[in-house]
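Take a look at the structures below.
Same chain, two partners: subunit A is paired with subunit B first, then with subunit C.
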Partner chain A sequence: MKNLSRYVPVLYVTFLMIPIYWLLNMSFKTTNEILGGFTLYPHNFTLASYQTILTDPSWYSGYINSIEYVVINTVISVAVALPAAYAFSRYRFLGDKHLFFWLLSNRMAPPAVFALPVFQLYSQIGLFDTPWAVALSHTLFNIPLAVWILEGFMSGVPKELDETAYVDGYSFPRFFFRIFIPTIAAGIGVACFFCFMFSWVELLLAKTLTSVAAKPIAAIMTKTASASGYQLGLLAAAGALTLIPGAVVIYFVRNYIAKGFALGRV
Partner chain B sequence: MSSKTQNNKAWWLVAPVFIMVAFNALVPLMTVVNYSVQETFGDNVFTWAGVHWFQDVLHSERFHSALLRQLLFSGIVLAIEIPLGLGVALTMPRKGPWVSVCLVLMSLPLLIPWNVVGSMWNIMALPDIGLLAKVINGLGIDYNYTRQPVAAWFTIVLMDVWHWTSLVALLCYAGLVSIPDAYYQAAKVDGAKTWAVFRFIQLPKLKHVLTIAVLLRFMDSFMIYTEVSVLTGGGPGSATTFLSIDLVKIALGQFDLGPAAAMSLIYFMIILFLSWLFYTLMMKNEDA
Partner chain C sequence: MSLELQNIVKRVGADTHIYETSLKLEPRSFNVLLGTTLAGKTTLMQLIAGIQKPTSGKIFFKGRDVTGAAVQKRNVSMVYQQFINYPNFNVYDNIASPLRVAGMEAVEIERRVGKAAELLRLGPMLKRKPSELSGGQQQRTAIARALVKDSDIILLDEPLANLDYKLREELRDELPKLFADRDAIVVYATTEPNEALLFGGNTATMHEGHITQFGPTSSTYRKPHDLLTAQVFSEPPMNTAKVEKRGNQLTIFGNQKWPIGQAGSKLPDGNYMIGVRPYNVSPNKDGKALGSFDAEVLVTEISGSESVIHTRIDNSTWISQSHGIHALPLGSQAKLYVDIDQAMFFDANNRLVS
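On to the complex of A and B.
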């Protein structure tokens, strides 16, 4: 039993890696080889697909667009969530519980419900097809999430810290930026990670709110896949490249992921 | 809770969040409400339709079957992912160099754009050149997810398990790590078996994270759109047409704003109600 259980994570991780391997495998094959039949590894190893993507602006601009709105979204979400989470963790105020559940309920709103009205809204205020439109629309589910995570972290910080600081003559802003924010730095990191993650992976709103100038890479992929027949190699290479930002972000927060999950309640 | 001080000035701290979320949520929501009670013949001419669309949607066969498929999907996915995630978390190493490796590799599927997830499984399941299709065919089972509803369901469930089990595992792992060593030592002294340790030490401590895991997985599986739309497009036939897919078809495909809006609201209400139910039930358990 003990020996057997050791293999569970190994098997699970292997299961996770198989589709990723298959994606990489496809991305290094020539179109002829892909259509020619089933091969477990690329026999004619080629970087042609990657070359196409990295030299063609209509491809690589998609990555820049995506990263742009993801970063804007993460900054906005965490910045406005910080004071709100502080308020929720420290004070009782009129309608606080209702407000908290209302915020969370927006995390539950299916993007499919909002796609059309959000499109009309952002067209009306002239932000359509800009990274700002996508970034702002993604705050719908990222702000509630950030508030939730940060509130969890902040509740773990004893109230005595605040009180001591005020006794020592700190003003609220000075206390907040000098003492409180460094104290919950790990929580902020985790909140950023989650905002990044959910903004990076969302496509429905991002696709609805952009047409040419701010098109995310994911939308370019779906279009290419259907427009030019089936260029599987290209599609696989583009997919493989979307793994990189995620992998980088995970690497940075790897030490906080587990701790973060426990402290922040998510 | 009692340690919090009453201070209505805290609203100033919450105001930015309130304004931003209200802008993004209330304006579109009111638009949806608006559409749901009106009839349009184009050219921006709207006439009052009352609850007509709601009645239509609630009585439509199509809505019922989409809802049923959605519930079934969420049920299957939760039934697999929660135990599996818990199992992985329990057997993961707690110390040593493998922890980071495990965590990073496990988080990877969570950070892949959803349509890429769909494409990946598309490539896996393609007849003749896909690894999954090849393996299943090799076992002597006829498998073609574009033609057989069962195969399509199998592929989608497998995709979702691949995609999201890690979230459950990570949450549970975090809960497990937060249990002090002293608890385990005490259990050892008492000569507790593995099962007893799990039942009386680990499970109670995991209640909170499990609540979150179930809630998040339920909400997200109930809203699943992109992955399925890329992989099967709701097919074959309408075998995998879940609520969200049907909704987008009606709203953006046919531009039937009234029925789509009514359906959106009903859909949202169902999610809200079920999530609230889950939440209160689990919290009650925790207090007891």
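On to the complex of A and C.
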């Protein structure tokens, strides 16, 4: 029984890692090997798939597009959410609780609901097939999320800190940027992380609102067949590369996420 | 340099936090705001600082109307009960921050911060972040920041309440010295009557948004104008009971007869409220004019050389605070003696009459 308690987590992690292993496994195989039979590891090890992705603009532009709209989205969402969250955490105003809930309720609608109106609107005003189109449509979900996370962190800062700063002579903007923002840096990190995550993995809006010029990697990756037939090795390599930005971001915010949980948010 | 509040009222929604209040604080004075939680001490301080604006009334500083002036323009310092420091600054930058905001020269900032840090014994901690300090050191940092600029008004809102006992004692001894040679009005809020007595200066007793009395601490303590002030300014709480005076005799607790004592001897016959501080009630028969009563012991707190005995008599609680160890068993009957010479008498309107 004692050993079992050690094996269970090992088994669990192994189980979780199987799809990722299989993805990596495939990415180092040739398409022939993938389709040819069941092999546990690449017999004809090749980096050709990665080479294609990193040199062919039709592949790597997908990453650039994705990163572009994810960054734009994260910056807009957090920049807009900061003052909003400050207002919710510091002031009482008419209907503040309802407004806060209404913001959150935006997250309850499936993105598919917004796909058609946003597509039609952006086509009309010439935003279609630009990174801005995807970034702006994602703010619909990310601003409420960021406000909610930041409000939690801000409410954890006593309002006496604000008052002390004013007493010490700080003007509001100076206090906000020099003291308040550094104080809730962890919260901003967590909010950025969640905005990034949502925007990075969201497929439906990203796919609907782009055609060629701003096509995100997730859209490119999920087209199974191309003119040159099945390219499963290539798709697998693209998938493996798509995991990297997420892993990098998680590495940087791993300590803050725990803090976010401790504050009852996230 | 005096600060004057004229008919200040603060309402928030339907609640009145401060009822019409006027108060004049003299230059270079140490003023204690004494009252229980929610008495309005913090609100009053925030009004003085300018963090909140009064609903009506005016605030004058050096004869100038500053009611509408922004906090930043008032040249005040404030220390809170919670240890408030800028978490992203180290101790040095925390103390220096009001000077930097004011645009002072670097050399002068360094000199002043060094002096304040030395005064509050923060020298070795200057490079640390507030989160790496003990509670006492954090509060010292906050106090140093309040001292470092030449504030006209220094507001201390229960600065010692969150500290543990030893540190509280230590800082309590240091505080008056820190403010002694300052050209500033110091306002110190506390819930503890003993702190007010220790600091001296002036005391304003507060109760539910009213200042019940303001004056030199010792006279506010010894000659409260009314029962409320006496109650606010007594720890343990003051013992009270209805008495009837007839000639040289008091009737108390329904049927007990006590001699009148010095305090009430000149009063006309009639009904009064008597107030007796707990240290004038003792299980030892050593006072002069003595009344006595038998009461049921509710709790006995013994702290070193002192005993506080809570008793029940005639449906009210009377507390005795006396020297020596009196370990009276719970529920037993105790005979307690009252020094009536030291008692206070209040009339039907709860005004002190003797």
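What we mean here is this: the second predicted complex is superposed on the first by the 249 of 266 C-alpha atoms of A that agree within 3 Å, B and C clash if a C-alpha of one lies under 4 Å from a C-alpha of the other, contacts with A are read in each partner's own complex, and residues count from 1 in each chain.
Heads up, the rule we're going with is that contacts are C-beta pairs under 8 Å (C-beta built on N, C-alpha and C of every residue); 3 or more make two chains touch, one makes a residue touch a chain.
These figures come from a predicted structure and were not determined experimentally.
S.K.: Should the pairing of subunit B and subunit C on subunit A count as a clash or a fit in the superposition?
M.R.: With subunit A aligned, subunit B clears subunit C, so fit.
S.K.: Using centres of C-alpha atoms, tell me the angle at subunit A that subunit B and subunit C span after the overlay, to the nearest 10°.
M.R.: Placing subunit A at the corner, the angle measures out to 90 degrees.
S.K.: Look at A:167 in the shared chain and tell me whether it touches subunit B only, subunit C only, both, or neither; answer first, second, both or neither.
M.R.: A:167 contacts subunit C only, not subunit B.
S.K.: Check whether subunit B or subunit C contacts more residues of subunit A in the superposed model.
M.R.: B
S.K.: Should A:250 be classified as contacting the first partner (subunit B), the second (subunit C), both, or neither?
M.R.: A:250 contacts subunit B only, not subunit C.
S.K.: Just checking: does A:22 make contact with subunit B only, subunit C only, both, or neither of them? Give me first, second, both or neither.
M.R.: Only subunit B; A:22 stays clear of subunit C.
S.K.: Looking at the overlay, does A:45 come into contact with subunit B only (first), subunit C only (second), both, or neither?
M.R.: Touch partners of A:45: none, neither subunit B nor subunit C.
S.K.: Touching A:99, do we find subunit B (first), subunit C (second), both, or neither?
M.R.: After superposing on A, A:99 lies in contact with subunit B but is clear of subunit C.
S.K.: To be precise, I mean the smallest distance between any C-alpha of subunit B and any C-alpha of subunit C in the superposed model; what is it in Å?
M.R.: Least C-alpha distance: 8 Å.
S.K.: Considering only the defined contacts, which subunit A positions touch subunit C in the complex?
M.R.: For subunit A paired with subunit C, touching residues are 158, 160-161, 163-171, 174, 179, 182-183, 185.
S.K.: Given the complex with subunit B, which residues does subunit A contribute to the contact?
M.R.: The touching residues are 1, 5-6, 8-9, 12-13, 15-20, 22-23, 26, 34-35, 37-38, 76, 80-81, 83-84, 86-88, 90-94, 96, 99, 101, 103, 105-118, 120-121, 136-137, 139-140, 143-144, 147, 159, 197, 200-204, 208, 217-218, 221-222, 225, 232, 235-236, 239, 242-243, 245-247, 249-251, 254-255, 257-262, 265-266.
S.K.: Give every residue of subunit C touching subunit A within the complex, in rising order.
M.R.: 46, 49, 51, 70-72, 76-78, 80, 82, 84, 86-89, 97-98, 101-102, 142, 145, 149
S.K.: What part of subunit B is in contact with subunit A in the complex they form?
M.R.: 3-11, 13-14, 16-18, 20-21, 24-25, 27-29, 31-32, 84, 87-88, 90-93, 99-100, 102-116, 119-121, 123-124, 128-131, 134, 162, 165-166, 169-171, 173-175, 177-178, 194, 208-209, 212, 216, 219, 222-223, 225-226, 230, 243-244, 247-248, 251-252, 257, 260, 264-265, 267-268, 271-272, 275-276
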